[in-house]
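Across the two complexes that follow, chain A remains constant while its partner is chain B and subsequently chain C.
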Partner chain A sequence: MSGLQSLRLVRVSAVSGRRILAARVISFIAALAVGAVVLAACGFDPLHLGTQILKKSLGSRFGLEDLGLLLTPLILTGLAVTVMMKIGLWNIGADGQFYIGAFAATAIGLFVKGPEPAMLVLCFIAGAAGGALWILVPTLARAYGKVDEIITTLLLNFVALLLVYYVATGPWRDRTTGTVASTGRVPYEMPDFFGSLHWGFVIALIAPVLFGLLLRYTKWGYEIRLTGANPEAAHYAGIPVRRRMIAIMLLSGAIAGLAGMLEVTGTVHRLQGGISNNYGYLGVMVAVLARGSPVGVIAGAALMAIILNAGIILQTQGLTTAAVLALTGLIMMFTAVADQFAHYRLVRALPQAAAATATG
Partner chain B sequence: MTDIPALAPFEQPVIALERIGKVFPGVIANADVDFDLRAGEIHALLGENGAGKSTLMNILTGIYRPDSGRILLDGVAQTFNSPVEAIAAGIGMVHQHFKLVRAFTVAENVHLGWKETPRLASAQVLEARTRELSERYGLAVRAEARIDELSAGEQQRVEILRVLARQARVLILDEPTAVLTPSEARTLFKALRAFKAAGNSVIFISHKLDEVLEISDRVTVLRGGRKVVTEATANCTTTKLAQLMVGREMVLGGLREAMKPRDEPGRVVISLEDVSAADDRGRAGLIEASLPVRAGEILGIAGVAGNGQRELSEILTGVRKPTSGRVLIEGVAMEDPSPALFLDIGVGHIPEDRLRSGVAPSLSVSDNAVLRAYTEPPIAQGILFKPGAADTLAREIAADAEVTLPSLRTPIRNLSGGNQQRLVARREMRIARLAIVAAYPSRGLDVGAISTLLRYLIDLRNAGVAVVLISEELSELFDVTDRIAVMFKGRVMGLFETKDADLETVGLLMGGQTKQATAPTVEAA
Partner chain C sequence: MELITGILTTAVLAGGVLALAALGEVLAERVGVFNLGVEGLMALGGVTGIIAVTLYPNPFFGFAMALLVGLGFGALFALATVVFRANQVLCGLALTMLGSGLAVTIGKGYSGMPAKATFEKIIIPYLSDLPILGRAFFSQNILVYLIYLIIPAVISFMLFRTRHGMNVRAVGENPAAADSAGIPVTLIRFCYVTIGAALGAGAGAYLTLAFVPSWSDGVVAGRGWIAVALVIFAGYRPFGAVFGALLFGVITAIGYVGQARNWPISPTFLSMLPYLGTMLAMILPVFLWRRLRLGFTAPAGLGVPFFRDER
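Right after this comes the complex of A and B.
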């Protein structure tokens, strides 16, 4: 009998957050190691690339600004997905809601004149309302027709994308500078507080904390948690399950829409076709990384932002986009594997089996 | 057949568990448990909820790994990594919740995952093989029927046949009679005795003391994860076993005496008039039921589970909407009965399937404890929810329910089924000002807890609360109810004053048969 036979993997159902974290740190390092080997084999110097990334992202003021600008939409879309996960549903349409939020804010910016602070508030409301409106049909279909929200929210992304492309290259096209792919500049801007980093970042940081507090310290939050954990028990407790579901879905859409609004008024200042930068889809990944924890969304988004930022830096060092995407995918895959592995524990087989190994 | 098998003391046990230990986070499930099973015996495993019976058997069959101790099979140390390995070694377990494929036929289920199943066999061949097995082991099953169509008793026979077909010589049954009618239980016992007579062994897990005394040769009692004693059944009495199980003197009986005599029927607080309701699949679950629920009375609902009791209890608490008929509260017909309405007027509800509808398994004990109280102070303050106040109430409920908790933050699914049941029961009793509907409240509880629970229901009754007690235990119903209604296939078959009812009439009605002689029926409402 070999020693290996006396060891066995056992699956445990409940895993502590600390275990998950440890597994992820290990997997992250492992992914970097694999990436480094491949890069070295292709003739790059992984160590040099690594130091470049650190220097240019975390080690410089501009790098930190960029990180903050990436973080803002990622936190909000990640939160949008997490909010819906809390009631047991998936919002795959954060991208579309982001577009419509940006679209609505741009509409206010281009066509309504007024003092900037008031207009920003109006943009804020329009962005959130736009996002909520964009998820309204999937919400009603889900609440009254039990139509799978994953499909409906996803499909509306393409509608939103095409709508924005149409207005950005057509009716709202910038005719003064002659660009063909974007609208004119939105005159109202979120004020900056750290280089190019605007107050939207602070809003993004506060939102998950606020939502976490709502869940924990309000009756409404309790009802959401109960409904998400067991809708039948919620019905039994007298909670209007359908109404809560509708509220949460609209909130989720509003948060994604807000992300779009902040992107227009804080970062890009114009509406253009690629403005979502896939933030909506990345938000799904952020939410999965956060494992349903609203505050965890900030950490998940931070990891995602660092990876994306590193990708941009790597491109300046001569790597192709495809290679960068492959590296990103590698890290994500390792993380997913780590989450699964954290559920397993290596245990020694029965004592007498071990004893038999020792004596025999 | 009642004598203890004559066994030489040196004869080797079929199975010996030595100093088995198993710890789950925060709970010691088993500690230093010794257990042995002889050839040709029925060995009962008795214990309160959370005493570690199921854990011990799950270790034996390879579902769990013990943290310490060893398993000897015919004197040789053995570890099973899965139930498949256990059954290959001749040890098969029939779980409380059947593990059959509902859309498959009996024959298909028997042959599923069995190495002796012929490849490329037609349905006819499988059915013929099943019929032959059914005859050989004396277990009547309909080989061609789909599991969906079978009663719980028939499903259990399929499970047992599955195990026996694989040449099991040790059969483990977890609470086998919980889902059976009395006559089905008798059939089961007959089959077990025949199995034993062929030199095989049975481990029989049960809460029901009289059954243990009837069927077993030896009894092992577990308490708090440890073995208390192994004793020949012939030396045991109900009182002695109950005492060993709970570790203190049990006061059984005396329940009837605790019921305050009533001079006249209580006022009708909830009343159903020709109420019909659909079940979860949209079929007729409850059919034209008329039933008055009276204050200060315990109304028993007798019947084999699945004959409309679930629908009835949900109608009585607003969880399910009637498709026709009227629900009256204090004589007033309700336009749109809802759970919130019944909660407002003080109707508690211990649902039959607590994991499905009574609790949110992934939420903490504290969150689950306040499910009925979160809208009112001190837990709610305006729109706020106060976790601290929730913890306080949770601690109170746990103390009342005599449940010791590892932590209030533990998800409630980590508690044993019995402890969940106790917490839910206490939670619901707290709010039952007008009425309480208790569906199988004693299911999964041990004698001690059942007696405590029934006593609380009697206290509520004496205080003027209307109590509806849905149960399969006729003895329990005859012990504590004022009236008994019998349900069969969604219909209320009859309503009796308990003191005028006789066991035979009720038993026949449970099976859908009415006695030729007219039973003393009390007119509804």
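Right after this comes the complex of A and C.
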């Protein structure tokens, strides 16, 4: 056997994070290149668009504030999906839980009167409880009937969207300003600390760190990690797998609901039909980028926020949100493939070794 | 009487969308691949159908073009999940985003415009005169007959009555064993995932050329996801999928009738019915099929990429 023939692709089951990162950078560039070619074919100038994005999102104070406002929900929905990944489950319903969190916080904000700090705490609790409640049925179905959680969580997104749309255009419609598509202004607001950036951003930064610490340093966290790695082994080790699963799923829902509450009290100040802005679905993307690391969620969300911000800038240049969604999907697929490619290594095998692996 | 006929007629028409998409998903899941991109494929198929009939006003041309686009994107998805063995859940979600986004982008100029050519009703003599059922089942467009009878029959026969079908099912149940028996696992997975995706896109074209019939943003409205859920409800069987789709057609039709007749419920809540119904249909079988001792379980290899070198 000579030179070329003895080169083989070998699959390695465990690879370093650095290798995966390298594969991802390449895939990200590849996805952008495909996007650029398509944009160029549609008559846009990709280079001009690229420099515009960098200048407007990272080069100005307003750009940074916007980035922070986008980061807040993305970190939380990304964390919500990551939390469930830890036990080997997918939460595709973060969008719906986000809506219900926003819905619950708005309900408190519009109909309960009290001092602002107390009301914000109440909104916080309501948002988290709303999100947890929205994932309750999928949780019980999963825990007691092994019903696939991917689809049950997802279906409830549509129900939540319809519900929010209904109250925002119907019973809770803003009657003072006459807008037809949103509720009145929620009088309780998260205080700002950097321009229009509110303290919800800080909560969003703390949450992943807190969850990471819980996971690493507590008995509960250890049991979660064990259950995620091997449910059967966890069961035989005496861990109440079902109870841990229920706790994790409800926590995941609560975090997504919290994201919705912060969006209402911190950024939008009203409940409206499109308030989730696909954050729940983008959270899946963030969680994937973070590869199950709670703190990595912040980095993943940062990349996603830059892409979203780019999308907003691109809209002023004539590109639609739908096109940005398509580009996000493309990046996601390239990332998934890149993660696999990182597992392959080109090996120059000795003739004997090659023969041995071929027969063995 | 007239109310029941009305509901059934709409149900059959509405259920066709779900049935065709679910049949495609049955194929993909039977060979062990979980395709969550159906929603995106339907959007792509729908917009392709509309654009195609605008260029050349023949519904069959529109439907065929949608199938072709479905084959293309299905091959892309199969390349990622079957050949490169990337995570199926991720790639499916990615395909949904890519497809929905792309469809809305290219369909911008066609939004709200009625289809230039639609599938016409074919009235089957004598049978269509049957009371109640006649008009609902035997006075529909040609795709309805294809979707409810011919395609599931072909798939059913192939899967359960031929040697090739046995191989196909083996690939989904135990790819490693199938591989040692000399069955080309990757090839079979690739082909059926791609064909399944084509049916998903075809369902989109059915939506815009026979059911609505026009294109607008969000016209798919989660039907792709309902179709994925239906496959589980159907126990991964072609005729089960068709039956389930009809059931969902009835739920959808009740919502429409309620809106048309001004029932004292907000249309928003009637629109929730299909999603809530699907939830119920996901949860019930677990307890029901188990009680009835039916072997309606998922293919054992579903969702697991097959690595020959890690056997």
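Operating definition for what follows: the second predicted complex is superposed on the first by the 318 of 360 C-alpha atoms of A that agree within 3 Å, B and C clash if a C-alpha of one lies under 4 Å from a C-alpha of the other, contacts with A are read in each partner's own complex, and residues count from 1 in each chain.
We take it that a residue touches a chain if its C-beta (ideal position, glycine included) is under 8 Å from a C-beta of that chain, and two chains touch if they have at least 3 such contacts.
Every value quoted in this text rests on a predicted model; they were computed, and no experiment measured them.
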Regarding the shared-chain residue A:G329, is it in contact with chain B (first), chain C (second), both, or neither? second
A:A36 contacts which: chain B (first), chain C (second), both, neither? neither
Report for A:K219: first if it touches chain B alone, second if chain C alone, otherwise both or neither. first
Residue contacts with chain A in the superposition, chain B compared against chain C: C
Could you say whether A:E232 touches chain B, chain C, both of them, or neither, answering first, second, both or neither? first
Examine A:L122 and indicate which partner it touches, taking first as chain B and second as chain C; both and neither are also allowed. neither
Which parts of chain A are in contact with chain B and also with chain C? 10
In their shared complex, at which residues does chain A touch chain B? 8, 10, 14, 216-222, 225-226, 229-230, 232-238, 347, 349-353, 356
Residue positions on chain C within touch of chain A in the complex are 36, 40, 80, 84-87, 89-91, 93-105, 108, 217, 221-222, 225-226, 228-229, 232, 266, 268-269, 271-272, 275-276, 278-279, 282-283, 286-287, 307, 309-310
In their shared complex, at which residues does chain B touch chain A? 25, 65-66, 68-71, 77, 79, 81, 317, 319, 338-343, 349, 351, 356-363, 367, 370-372, 374-375, 380, 383-387, 411, 414
The residues of chain A that touch chain C in their complex are 10-11, 13, 90, 92, 137, 141, 145-148, 150-152, 154-156, 158-159, 162-163, 165-166, 170, 281, 284-285, 288, 320, 322-330, 332-333, 335-337, 339-341
